[in-house]
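Okay, so subunit A shows up in both of these, paired with subunit B first and subunit C after.
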Partner chain A sequence: RKMATLSVCQPQLGGFSFENCKRNAVLEAEVTKLGCNIPSARKTGTTICGVVFKDGIVLGADTRATEGMIVADKNCSKIHYISPNIYCCGAGTAADTEMTTQIISSNLELHSLSTSRLPRVATANRMLKQMLFRYQGHIGAALVLGGVDCNGPHLYSIYPHGSTDKLPYVTMGSGSLAAMAVFEDRYKQDMEEEDAKRLVRDAIAAGIFNDLGSGSNIDLCVITKGRVDYLRPHDMANKKGVRTGNYKYKQGTTGVLTKSVIKLDLEVVEETVQTMDTS
Partner chain B sequence: MFTQVYGDNGKMKEYHYTGPVEHRFSPYSFNGGTVLAVAGEDFAIVASDTRLSEGYSIHSRDSPKCYKLTNTTVIGCSGFHGDCLTLTKIIDARLKMYKHSNNKSMTSGAIAATLSTILYGRRFFPYYVYNIIGGLDEEGKGAVYSFDPVGSYQRGTYKAGGSASAMLQPLLDNQIGFKNMEGVQHLPLNQEKAVQLVKDVFISAAERDVYTGDALRICIVTKEGIKEETVPLRKD
Partner chain C sequence: MNTRGLRSQLKDSVPVTGMGPQVGAYGVQDTLRSGFSSVKNELLPSHALELSEKNFQLNQDKINFSNLRNIQGLHAPLKLQMEYRAARQIQRLPFLQSSHLALDTLKGNDESISFEGILNDPAQSEMMGEPHVMVEYKLGMM
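What follows is the complex of A and B.
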């Protein structure tokens, strides 16, 4: 009897799993008949990067998510949790980066419980690349994976088709060229933490100001042995302009045509507050 | 190579093509930018952002899209920058020709009519430019003329054009045209309120449109002349 690691949900039949493509084609045809378009995948534009310094890893990301050339989310979080000692930045299709990192995070937790050990970055890298290769690039997730394990700090870049590179500094996304220019200029081996944070902050800032697909704030994640600093936001590089006019409407400005009141007998079980940007 | 899927009727249906694709040379490119014009009782405002972009890059953070034509008329042009430059050169030449043969400057209405003819002259290889003319008419009242790339035009009180036009136009319809509001006083627009509205509206456009940002150039046309004002916007 084989001792296989426990994995969630995935029947590993080998090869490609395109079971939903027929369904998607049928749905698309039906929607087009009604004269509408299928919603396009939201891409993150993005500048993400990572650097290895003396005591660990610094990961950085911007916070703009675009849909075409319109900003869909001004403050989205692109640094995803994989395990207590491993974090992953994601560029490309937003849903793909979110779901892929969550699946691997879940499987890695089960693996960690099964081995009674803190997970290794190489394991997360192997799981991510094997999944992305299985989908032959159709999962548009370009990742920067970084963490500190028993063998020290490790940094990988992972491409949508499943290739990976293990390097001391990496950048991904539409702003990767701007960020890499900063790294190539100022990267040094064995930097101190403050220098590494400043370098990553400047690299992301280069992406934010020179790439139209990236913008808003700079998020940082510093991982060292035994400590993780998730700095969100680390730097609010762009604040919204202050509007001088008042655009609030008086009650009754929107005309009411008909009104019908239906009373619902409800009992408040739980109350939570989630803030949103109403400026 | 491509992957094939069996469609409804059982025949093979091609759904994803990843092999080599032939791209034709395109004479146009999109350089972004938003323009806006508002007309008041005795003034006109033409505003534009100053960012020039292409693809995901920025060419310039200081390239305004308003061009002064006469003492009483300003034109805002956005779209393909090459055609914007050529078109403004052609309009300047036509203004000079008119002045030399008629011994007077062209009025806003005359410039608008001439521009329409120039644009339609290129009906089958259009100038990829969205034009909005703002100025004072012969009676000294504010006038706004908005165009499409092939010369269809109409006089109005306000118009937004360019990349963020779809975001700005509904807001202007509401705040200047008082559309979709009930029981609100229809106050005439004065110059200070109009300038404030233009600044606020561009701040909002810069939040959500990646092509709009860097700085805002406002040209205010009154019978005293043309006054320019520059306001910084988001640079990301």
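What follows is the complex of A and C.
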């Protein structure tokens, strides 16, 4: 019915195609026997977190993307736009979080046009969990979803297999334990905006300095009713150092012994002008 | 009764329990049309999601219709299925691209986007369907 056949009986459907899975499994086994590695997916081995304060939500994320043991992107953006009042941080496989948040953002936009209302965070949460459950965790996207809608500020954490939690403060990613330690120590209900920003910044910094998978800068996103502050970067915790010494030799260090100038006789043979058609 | 037409409907309902061998007209593997057979390819799916994705739309429809029957009574799914059947007939022959606009509007797919619309666009598939074979398959003559 598929590639092995000479002719196609039914029209092709869109979506995921599992044609090459068996071939990939065979290739992977052969390559491992030879001792090489197949390329791995780029992960965001991350620290992301969110906190509910008096008037809204503060989301925070680091900016390192890793590919195995190598830093693939020193300044990637992990806070994704979902709708004007809802933003989502993503940890896990970078492509999965990117595509998932874009699809849900499009669906929410269509939904909001159809209902002519500002979208609610619970709608985005429901759409995300239903999609992730459908793919049984094969889509590796762990998300922190936060926003302010007509019912106030809401914060959800969504796991790759489709379970969600609605909580006042959440952390996800490889640095989540470090960030959660900071939250558990200093979280209070109904904080002011500056306190909440400082708390999130410290939690992400804890993840950056104590977890190898997180690093570089700290991005913040403050969502309140009618206003979104996307602070990128909020804090450059890991600025690259400036070299203190100059190792270039001064002009004239090498002594000149002799000097001879040979003039090359060049003459213009042909000159052509090609006009570009810019109309 | 026209059994050929019924057989074409049976072919399009995918069995949930595994993937059976492709039997041709005389009860054996039809090598010319469906290629060489391989037990490994047919007994096990190549990915954990393959079966569930193949049947996803069908299963969703079953769930929705059964919920609708429990809430509103038998007439509701019957009427809807009649409308779906009518809308499904508004398409070109199988080897040409049809927009399925009526069917999508009825199902609500015009207001949502998923991986079906992004990945593996059928309009850009590398394999072309052979017109005669596809029409024969659709009419149940194969």
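The working rule: the second predicted complex is superposed on the first by the 204 of 279 C-alpha atoms of A that agree within 3 Å, B and C clash if a C-alpha of one lies under 4 Å from a C-alpha of the other, contacts with A are read in each partner's own complex, and residues count from 1 in each chain.
Following the convention adopted for this analysis, a contact is a pair of C-beta atoms (placed from the backbone, for glycine too) under 8 Å apart; a residue touches a chain by one contact, two chains touch by 3 or more.
All figures in this text were calculated on a predicted structure; none of them were measured in a lab.
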{"item": "Touching partner for A:243 - first (subunit B), second (subunit C), both, neither", "value": "first"}
{"item": "Subunit B versus subunit C as contact partner of A:21, first or second or both or neither", "value": "both"}
{"item": "Contacts of A:174 with subunit B and subunit C, given as first, second, both or neither", "value": "first"}
{"item": "First, second, both or neither for A:224, with subunit B first and subunit C second", "value": "neither"}
{"item": "Which of subunit B and subunit C A:106 touches, first, second, both or neither", "value": "second"}
{"item": "First (subunit B), second (subunit C), both or neither touched by A:114", "value": "second"}
{"item": "Which of subunit B and subunit C A:254 touches, first, second, both or neither", "value": "first"}
{"item": "Subunit B versus subunit C as contact partner of A:134, first or second or both or neither", "value": "second"}
{"item": "Footprint overlap on subunit A, comparing subunit B with subunit C", "value": "18, 21-22, 25"}
{"item": "Subunit A-facing residues of subunit C, complex", "value": "12, 22, 32-36, 38, 40-41, 45-50, 52-53, 56, 94-95, 111-122, 125, 127-130, 133-134, 137, 142"}
{"item": "Partner subunit C, residues of subunit A touching it in the complex", "value": "1, 3-19, 21-22, 25, 99, 103, 106-107, 110-111, 114, 131, 134-136, 138"}
{"item": "Subunit A - residues contacting subunit B, complex", "value": "18, 21-22, 25-26, 29, 45, 64, 66, 69-71, 74, 174, 208-216, 237-238, 240-245, 247, 249-250, 252-255"}
{"item": "Of subunit B, residues touching subunit A in the complex", "value": "3, 5-8, 13, 15, 53, 55-58, 163, 175, 180-184, 193, 196-197, 199-200, 203-204, 206-211, 233-236"}
